[in-house]
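Each of the next two complexes has chain A plus one more chain, namely chain B in the first and chain C in the second.
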Partner chain A sequence: MATYVGKSIKRKESFDSIQGKNTYIGDVEVPGMLHAAIHRSPHAHARVTRVDLSEALAQPGVVAAMSGQDVRRLSRPLAPFPFTRTKPYTSDYPRVRFADHYGLAVDRVRHVGEAVAVVVSEDRYAAADAAEAVRVEYEPLPPVVDVEAALERGTVRLYEEWPDNIQYEFRFSEGPVEELLEEAPVVIRERIVQHRYTGTPMEPRGVIASVDQRDNLLTLWSSTQVPHALPNLVLETLGRADLKIRVISPTMGGGFGIKWAFYPEEVLMPLLSLQLNRPVGWRESRSEHMVASHHSRAQVDHVEAGFDRAGRITALKTHVIVDLGAAYPSGGTSLAFVTANFIPGPYRVDNYATTSFGVVTNKTAAGPHRANGKAESNFIMERVMDRAALELGLGKDEIRRRNLIQPHEFPYTCVTGSTYDSGDYPACLRKALAEADYAGLLADRDRCRLEGRYRGVGLAFLLEPLSSLRPNAYNAGYETVTVRVDPVGKAWVFSGDVNMSMSHMTTLSQVVADELGVRFEDVQVFEGDSALVSASSGSYASRFSTVTISAAIKASRAVRTKILAIAAHSLRTHPEALECTGGMILGRDKPGVALTVKEVANIAYYSINQLPGNMDPGLHDTHYFINPNTSFEPDAKGRTSNFSTFPYAVNLAYVEVDVATGDTQILKYLTVDDSGNLLNPMIVDTQITGAISHGIGGAFLEELVYDEQGQLLSGTFADYLIPSMAEMPDLEIHHMVTPMPFTPGGFKGVGEIGAIGPPVVLASAIEDALAPLGVKIMSLPLKPENIWRAIHEKRGTGDKR
Partner chain B sequence: MQRITLHTTINGKEFSFEVEPRLLLVDLIRDKAGLKGTHVGCDTGNCGACTVVMNGVTVKSCQVLAPRAGGADIRTVEGLARDGTLHPIQEAFWECDGLECGFCTPGMLMTTAAFLEENPHPSDQEIRRAYSGNLCRCTGYLNIIKAVKRAAETTG
Partner chain C sequence: MIPPPFEYRAPESLPETLALLREHGDEARLMAGGQSLLPMLKLRLVRPAVIVDIGRLQELDGIREEANTVRLGALVTERTLERKLEQRLPLLSEAAASIGDIHIRNLGTLGGTLCQADPSGDLAPAALALEATLTAQSTDGSRAIAAHEFFSGPFDTCLADDEMVTGVEVPAADPESVRGHGYIKLARRAGDYAVVGAAALVSLGPDGSCRDGRVALCAVGPTAFLCEAAGRSLQGTRLTDADLAEAADLAGNEADPVSDVHASAEYRRAMTPVVVNRALTRARERARASHAQRP
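Let's turn to the complex of A and B:
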């Protein structure tokens, strides 16, 4: 039946992209548009005592300017995101607090780059000049930069109305963890530090607002992953119940989670547009992006893991401290939740206790970035497994083999309550070891060691929870797709998802063409506009192939059933006697075309007298597909199940470390991924490759460095380095397929798992390479200077050679 | 602010513009000539999204002031396809899946156009070096290397 699904079909989207014909947010032109520029705080923490806009207003071309006081007068604090209410949970934990941040800082700034004033001009260059002419007086306050210091008693509080700096708290405990740790013959105790880095899509953000007074219709163009959440968020923040809001998310130059948020500019532009009665747009520069768009990943973790003599985990205890930055509505609290829930990973862990804090500091807000919380959880557990292997004298493969969940145990409810859908973990590990010639690599490493060369093999088993939901939140966890066959037999697909760069047009066309039985070329896909479907959870957590594709399949099937019923009625036969392919309806046992979809569509819309009795005209269906395999309701142990599917992978890396410089060269990088059925293998492999390059950036290059004053030291692409072609190693990508059992297509999602691997597996490989020196790697990034320092600390103290 | 007049050829078409001397070439191309295919990904000359070919060599148009383009011959992504037929470089990027979001793509394509003229049969190593000023956040580059080699075969 599958003509298109499973085939490496070239992307439809690329046709425009290779000609420079896409319309990104920066290319949207609204007639009469004014240009806004934002004055941002140079301080990490300060009281704002005076904002003087007079000089800015006097500049040529400037038509308006606003301070935080103006914004406070005209609007409410930014509505919480992703939650639809400030008390989203009914149980004791998670516990979350919100802060009153407006579109502009009112009397206090809490991070470098926080928006303090906005100016509007006829000209973009003039607006930038005017923003510089805003005069602000600050009274600096002591900055809270270190996340552990932020927790200390007596530390400055970012929000005086809070009792401490903890925004989010999650606690969970199952089994006699303390006793078991006490009894365990081997206990691994580590402090792990993961650094701050982020998605940095090549396209920075942008927002344009335009008001149509006749209809009280506000149109908002934003490079957002949540066009369906924004109408609500903006309405609530503006306090203007009379408005209708339509949000358009144009072609996006990459999102990676950074555009999954409610940003101040998304309320500032509407506010200005309403005030001035003209369209107003703002385009983020890269330097702004580095301080005004979300950061991610930073956390400090404490972990204790008990093992028996056979190398099996008996108990696990973790304390996760996530550095959230300022408490803007960035969705960052999920970092603390996801990390803490999934540290047990692909292993059987029956006894687990965790406390997880999301802590505010004077830095840019943290939010999701590709493999949100999962890159972090995998790093923690895999470092523990490597240490335990060393301690117990087991191979890295062997300790994992002894702890992996077995294929017959699926669906497997993990200790924190989520149900892993399917998989064969031992087979994945076997395949990776065989493809890489693991034994051969170990032998080569040992040979090199004798020659004084530092080569090492890294191994990591990665688990990625995907397609999530939350109670009382915009990511409620379903997706909406409308499929329509028009009167001339062409298929139109309207999805609530957003195409960030993941070829939704191509893959939705593949699925709908197969399910309806029409040609791929005859499917037209629309996304990224809140007017298309009533609601959507937006684009995040690689949920497209789990929920959006499923909704498209279900809607297509409903339409096909109707097509066949009309055809059968007109041919005086049963629908079961017919099939539909390539736009043609054929008899199952009789050769030859009986009818075309176009002819059926003609009946459905125009010759409705020929429809079977009681059938409505038209060929269309809207399907809401809810995240399967999840539940909002806490079970007897107070656990919820928030993720639908759990793709996994084994990554293996072989590296050589230059001990004189600390530089690492990747000699081999191999991955075996199980993402369920593959919709389009070519696109899947490009996604995996792209995600691995994010991970390599995070491992070796990318770091948002703050000094003690809370100044960001890596605020441009000249010092925040993302991988270029020169840093990207060749990859070996292999697949395993265990279909997702709870969706009609069996797909699991593939956008993020690649990003998890490199920091984890490269740390493992580097530690192995430096094993003769006794170097232990418990923190990221793996920059040459950090590795060099680790080598020298060892040489200075322990190493006697 | 003082304005100057400048004449320039973009994709074989002659233009004359009245501009502020501080205008960046990228904004001249995008806002004055209306060719939005050239993109802006940074403000420090690091990303290469704004790469165009000026007088036969690639330049990062965000790092060039518009007056320097007076009398110049500029090629942008919009000039690659001829009479509705895609350029072999464009075909190669499409075939090899050398792009995802497409934001870096115009810069990649223009770098390729100039690079293959200079080096029609590049090795992997030469490609990796030549493209270090063009950043892509989506693809992880490996398909771009394939695309450049495919384009070299089809144009050479």
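Let's turn to the complex of A and C:
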């Protein structure tokens, strides 16, 4: 019975965050802690010929300093991530190459900001001064900055042991794509450019290592989304089989995928702590974050799509070129895999061929970022749909309607092998058009056109594969939750996730309170510590409400079964005759409280003589919930199914473009989301709101700009612009509910889908507004200058209003 | 994000401050609101040996409104300009209101922003259009510097190492005419530095024709500057759309911008006449509205 689930219960987490009482990594003070500061490369590509630490070591307060050579002597190359080993696949494709990067660059730097030396001091300020006193001699090499140039024959290679700059390659082909494209009466051919931006959590990273020599216990605090992968990674990299490692990921000021990686500092601090036998900590500054924490999104795509006269897609061919930056273990290769697999999106595409490359360049490593690869795949397909609509003379709504997968087809195995779980796409589209008064907007647009004003309607159908897993990887695809009722009847929940401001405390409490039949206030949630549960894939890919919540439901049900069994035994009745709610056990037929959970707990722990025969004491259960609706085993076509669930949304935007400046004003932004059952509607809406603002930043403002020398030009918040309230339109958020059929709660996940929409739907709207000028939008960002340029190319300057 | 080491001084009086400047010369940096200085320190772009915090010099704070001039202390904050000068100097108020956000405007000062001499700073075009005069002092005494002579290059002024700005004087408007103003700033986000910023002032005589026009720009040259040709072209006209467009083109001809991550030089150049035209239009509409209300 749902007392709490489905209600907009206020966040438990808010009390601490509003009052500034959270303990973030920067608030962790370990007694006797030393402070590390890192000297970073000013070059994009160079040989490191000499590192002189003497001046740094002579600075007051400095305790130690290390160069890449020292680190190579003391440790191994950074262990691969997310793969658990360097030979992850048996088949030819996907094919991935690994590179030997250490905690510090050894003889070559491959991006501006790469760590070259580290100094350790008694004081953080002194450490920063000493890091500046490190003297490094570089021999600059030609930088490889442009991702397409990186693919040219004979170009400079980042890793000399590789034959080219391709780190990752994925190929897939199904059906006679070439023939169908040749026959198709309408073919859309485009080159699409998506720009580099990133997640910019308000809290940068931080790492502290502390060694207990007697117990060989290394405690590592890190603002990481993968606290359970890290012990493996650090052990392997240190080559120290004798150590035990506990990783604590304190309350996090945002992750967004940026903290889903294995970073050099996560091995440097343990190394220093082991050497110095003292705790050593490092806090990333914003300037460091912009060059040393991973970037995302940049790719160049070539797409060809054939349509028949009725507007149905007959064949699709894509070539995806992802700009990975340097090949650090950042998980960036998944960008190429996910993009290529899901370009067909919500549409029936039976014939599809793709080649996807992850290409290294002399830039900061790329990795996942909220809607990893999915923001990109949706952008490609939706641009194609808009162009095809124009070409065929169909409405944007009509072309989509003709291609959407139909409700009776679920579960639907898409062309690349994943199984879409559930949904009603046409209904979602219908609802969005109705809520927005689509026809009214079109009429208003046309009226404005007559007055010389440029308004346009954008439409986008978004599909988000989520809750991912991968064979032979740390994201093995399950989640672990322990539920315990203590001797006084309170519930304790231990999860493998991390608390990165996504309301896990609240939603887990709601679910566990309902399933156990206790009060919401009597549930306490713990996460972010590898000591809590044995293994976890981590917090990412909106998988919490799919797998963690499911594990919590299963574990709670096991504990409730035991509670009712003990109660029935003591009341001399059957468990089926009892129910448990609000911490009280009631007879289903007889009114009045028969027992309390507290009394049952007392029996379970203390009056164990009153337990039913053969029953062990205690009230607890640990459940490993495996990602449903997936398969590791390649099918007859060699395809695996790596995602559990597929929420979707229709976004609709109405904009006005100032054609003199290229500036866009959003007049309306509407979304209809289907993320399955809603755990907590308020939290769902705040996730959607946050994610849409994230996407609006990506659409208009956020851009990691590199010059030809590989220097990052937007390395501070004065240059890398994140949106503020003033840039946010009013949002209209609507829901559809198709419960996830393969999980006990029917929840899907909602952390990312909002971030996909803005670039897609705003490009669609701007293109529509500028349709009278014939402007085509095939690249991001949609910043005023780019839009102005597109207008300018079509009609020259002149408008000075 | 950690500044290099420095010595911190917080003098209690102007003479003490001037003595410190004389003693330390170019090794010292004044700190007013700190809103430009602190970011530069944290990025280690400047490394002064001594920071002289002038926040305690009450004699540099305050606005004095006289018949023919408004005297502004160097420490008057941007927020105060915005709120207290809406009537008397609405152009300065409007330009101040476009700076950063309220937190920044509560700390950033008139003297600090002019001395920072950021080519994209918003107050300089207003000061230029209003023909403001700055007062500079050192232990040797004081001198007056016209706004159009103050800026000598990007982030550079004509101040000597031991000199500081103590105040700014702005002459009152000609009582015979009505004045309209407009500050328009094209920026990436609300409160960002200008991609192009234009301050416009137009005065209408009793017959409604233009007595005086001023256009000043920021972000499109090494310093903010007054576009004299544009201003002159408006004199005696009826301020028709065509008149404004011509003035805007003249101003556009003087733009000599550089590229950065926010906008290319080409875009800035193209946007200059657009922004000037909009600033002039706003100024004209306001002047006409006041003119219509005149008895």
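In this text, the second predicted complex is superposed on the first by the 795 of 801 C-alpha atoms of A that agree within 3 Å, B and C clash if a C-alpha of one lies under 4 Å from a C-alpha of the other, contacts with A are read in each partner's own complex, and residues count from 1 in each chain.
In the analysis below, a residue touches a chain if its C-beta (ideal position, glycine included) is under 8 Å from a C-beta of that chain, and two chains touch if they have at least 3 such contacts.
This is a predicted model, so every value here is computed, not measured.
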| item | value |
| --- | --- |
| Touching partner for A:Glu13 - first (chain B), second (chain C), both, neither | first |
| Touching partner for A:Leu713 - first (chain B), second (chain C), both, neither | second |
| Touched partner set for A:Lys783, first chain B, second chain C, both or neither | second |
| Touching partner for A:Arg286 - first (chain B), second (chain C), both, neither | both |
| First, second, both or neither for A:Ile692, with chain B first and chain C second | first |
| Touching partner for A:Ser631 - first (chain B), second (chain C), both, neither | neither |
| Which of chain B and chain C A:Ala660 touches, first, second, both or neither | second |
| Touched partner set for A:Glu703, first chain B, second chain C, both or neither | second |
| First (chain B), second (chain C), both or neither touched by A:Thr573 | neither |
| Greater chain A contact set [chain C / chain B] | B |
| Residues of chain A contacting chain B in one complex and chain C in the other | 125, 285-287, 716, 718, 723-724, 726 |
| Of chain C, residues touching chain A in the complex | 1-2, 4-5, 39, 43-44, 101, 186, 188-193, 245, 248, 260-264, 267, 270-271, 273-274, 277-278 |
| Parts of chain A lying in touch with chain C, wherever the complex brings them together | 124-125, 128-129, 132, 285-287, 660-661, 663, 701, 703, 705, 713-714, 716, 718-719, 721, 723-724, 726-727, 783-785, 788-789, 792, 797, 799-801 |
| For the chain B and chain A complex, residues of the former touching the latter | 20, 22-23, 30, 35-44, 46-47, 49, 76-78, 80-81, 86, 90, 93-95, 97, 99-106, 109, 127-129, 131-145 |
| Chain A - residues contacting chain B, complex | 10-11, 13-24, 26-27, 125, 199-204, 251-254, 256, 285-287, 500-503, 682-683, 686-687, 689-694, 716-718, 722-726, 728, 730-731 |
